[in-house]
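Two complexes follow with chain A in common, the first pairing it with chain B and the second with chain C.
For the complex of A and B:
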């Protein structure tokens, strides 16, 4: 693997020799990577390259798939997230996730955001919870559009609004890392632009990893890009370098549309 | 180089490279004919050079339009992106080389008493060097060969040395023959134009290097 990054700052998350299996099939092969806070890291690569599977290893989403098995080590602030006795619910509050298809709960807009802080005990009393909901919706750039109809169902919003609601829901529990799996692929260009703008605003506060099939999107929103192919991490570097001067032939062929 | 999944993109890039090659051929011919017209006093040939420069201008506009279209529609990355940026810049530089040749051609009728000018025997050799640089740098472009581009850059020093020599020669000529100052001054401009052509061939070489490797030739020495 080729990497060309300064490694001065202590990484927020650190993966070492991580392999993920589905039964006998190795979907991710011995990948090591450091994820820094205040950076957006994009995972790119063709379908089936293992990028989404690898992303899900960062908050143990693969645990929900019976045949999936993870080897190697992933640390959050130096703590192994796969160690026995790890509180996975707590982990997923610290490492939040936004999915490809907006998936708000079939509840009110307010409840969608308030649910996490309430069960994790982040808010005491109604006033406190109101403040968390407003702050989260503001950070997600949705407050002005929904403040007069917080009791409406979350599923009644447009696709782009639903996705920002899901982002508000993820950040309501004060995560440290946000994983995004193709967060804008089901949205129109304007809604996509709003999500990208939001990602850029959120960057200062969290470590963000985004999986995307859109090379332009990776180039627009990320500072670092990792290219995966057949389960391997081929190249990891500054986004500007990856898209103007990739070092690896396979990276170049993929981003210039010569792959396959 | 492997083909793009979208074949039309390969065709577009080939067409763009063809336009640059065509511009290079025209620019090289313009240098040679401008010098020939100057030495022989063939004003008609000089006029041809001036006229033909319009084709270079049109080709440059065509390259600009095509590059803008490719950037907008294909959103190129990596070496494709560098290729198109380089084509855009090279077209501008080659068009300038054409302008210098045109400028030389315009001076054909302004030289009096050709046989008395020793510098007139130096200029064709200088022009040949400059034309060769233009020819070779476009060969390097066609072959995407950064080493050949570096070799062209090294040759610019010879053109500069020629310029110094012609300059000194002309100045002493003017001191000794004040009556020829206006003709000699014309030749000074010609020498200056050829020297600039060498510089511009060097710029093209730098872009060839950039398109191939993503770095400038000077980066390696740093």
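For the complex of A and C:
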């Protein structure tokens, strides 16, 4: 099912008939979807519906799983990211990712943020790097909390701070797309609220795809919502429409808490 | 209405609970007993070793007054090297001079009990400080093995009165022998030293570390991070695990056949010994390295990959630093095993009598455990203490190595 929504811009990323297999098991079944830069897109659905697997196809993180195989095509600015000769390192610099469990490097806060710009050679000299680190931490809403202890270990922060540090780390390399895999599911409500605020602030600058279990979260942060079930994309549309008048019976059952 | 029975408040439950606590107490006491037993054994070992070995660091010496002003010995001018100077002193009759003054001061029977090497010790003193040639000095020169034994209260009965007399007169005494740490093997137990074997061990360990560590770590990294999982890598894994369990003497035979076959002139050389021990140590490093690398959380790899680090950057910036403490621990276990290894080195000729410390990786050498093995085979009573002293040196060396490893591990230890 191809779902085209009216938009005034070319999609940033475009998936066409994407299927993902783990060995013989089909986890995602020919999904097509367009991702726009100006929106936050939420993937919702019950556990095991393939939404995280599908998300990891957008920056080829499934490559790290030996048995995973992707069919179909995903385009970034019209370029197929699965074509042979595609530079995966460059792709991942353009399509950043934030994981479910905060995973800061066991290095200082500064080093966590500076690592990306440094390996890609984005910063010329110490002053430049300092500026990148400060800008990234400010955008991630963490600067005021950590500016006096940049040399402390990133793992010493609280869970919510760690996750915002991971977001700062991701935006430090100036990606075009940010993939978020249940970024708040390991956090308490206050930390979750901060992450959601942050996502809202980042909207428009980056194309953001967020996978979430929480329908309230999808409703709060996203403008577009895609509902997945058993590897299929059931319905994709404006978030307000999905939550108020879903077209599909299964979507309605899910968002009204009938199953999931 | 049926009565609700609370299962956790019955007598049977309380009895079971008591049994569970009893089982836990027994387990704790058994563990404590095991620890105490280990500590007792270790203490016994250390105490007996120290008690026996402390004598090995001492040497029985005769104090000989020599008036060099009467003799007119001269150190040759402009001669380079200690060997030349000592040879010159020998030709000028230093040996007779020493023997003459010893006879004059203590009697001919005592002079005869100077060690055969006594004049060499005198020569070393002269080379170190030529000004004593213009003075009257008292030199502490080593006594013969027989007199040393008599001083300790055993050996030939005939010499014991002499030893008693000399001790009473203050000529004969034992003192800490710093030379034991700077000399090499000798036929005379009073003239032996451990430096040759210690240096041999250090050189051998350096070769082992230089070969086994990088190869082992790279192999572990490749197998964990890059190698595909298939029948070939399974086969390699099984082979490496088997290699770690192969008896060390087999590695000695391998070294003999392969390394000495290729370099027949390097018999007894630390480089060949080190290569042989590296074969033995490498599988240990590979196995512990793989475990350490496996223990690095995948989320760290994912995090680095997701901001565009290349696989090599992921390995060298994240995986290796986090796995390093574990790799170092494995390395030190392997190195400690290699340091104590005797059998394979016997096969490649490192049991030779080597009276000079090796001056390089290709010079003939022996190592500490082999030296201990050789000395424990000597008939002479004086070697018993020397053997214990050598064991203490070996254990101290081991302690230093382990201490270094623990220091490094703590330095690189990171939490996540």
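To be clear about the criterion, the second predicted complex is superposed on the first by the 253 of 260 C-alpha atoms of A that agree within 3 Å, B and C clash if a C-alpha of one lies under 4 Å from a C-alpha of the other, contacts with A are read in each partner's own complex, and residues count from 1 in each chain.
In this section, a residue touches a chain if its C-beta (ideal position, glycine included) is under 8 Å from a C-beta of that chain, and two chains touch if they have at least 3 such contacts.
Only a predicted model underlies this, so the values are computations on that prediction, with no experimental measurement involved.
S.K.: Determine, for the superposed model, which of the two partners chain B and chain C contacts more residues of chain A.
M.R.: Comparing chain B with chain C, the partner touching more chain A residues is C.
S.K.: In the overlay, answer first, second, both or neither for which of chain B and chain C A:223 touches.
M.R.: After superposing on A, A:223 lies clear of both chain B and chain C.
S.K.: After the superposition on A, what does A:255 contact: first (chain B), second (chain C), both or neither?
M.R.: Only chain B is touched by A:255; chain C is not.
S.K.: Figure out whether A:108 sits in contact with chain B (first) or chain C (second), or with both, or with neither.
M.R.: It touches nothing on chain B or chain C.
S.K.: Applying the document's definition of touch, where does A:214 land relative to chain B and chain C: first, second, both, or neither?
M.R.: Once the two structures are laid over each other on A, A:214 reaches no partner at all.
S.K.: Quick one: is A:96 in contact with chain B, with chain C, with both, or with neither? Answer first, second, both or neither.
M.R.: Touch partner of A:96: chain C, not chain B.
S.K.: When the two structures are overlaid on chain A, which partner does A:246 contact: first (chain B), second (chain C), both, or neither?
M.R.: The answer is first: A:246 touches chain B but not chain C.
S.K.: For chain A, which residues lie in the overlap of the chain B contacts and the chain C contacts?
M.R.: none
S.K.: For chain B, which residues count as touching chain A in their complex?
M.R.: Listed in rising order, the residues are 1-6, 9, 75-82, 214-215.
S.K.: Given the complex with chain A, which residues does chain C contribute to the contact?
M.R.: 228-229, 297, 299-310, 313, 317-318, 322, 414-416
S.K.: So in the complex, which bits of chain A are touching chain B?
M.R.: That would be residues 215-216, 219, 243-246, 251-253, 255-260 of chain A.
S.K.: Considering the complex alone, what residue numbers of chain A touch chain C?
M.R.: For this pair, the touching residues of chain A are 59, 61, 64, 66, 89-93, 96-97, 99, 101, 103-106, 115-116, 119-120, 153, 155, 166, 169-170, 172-173.
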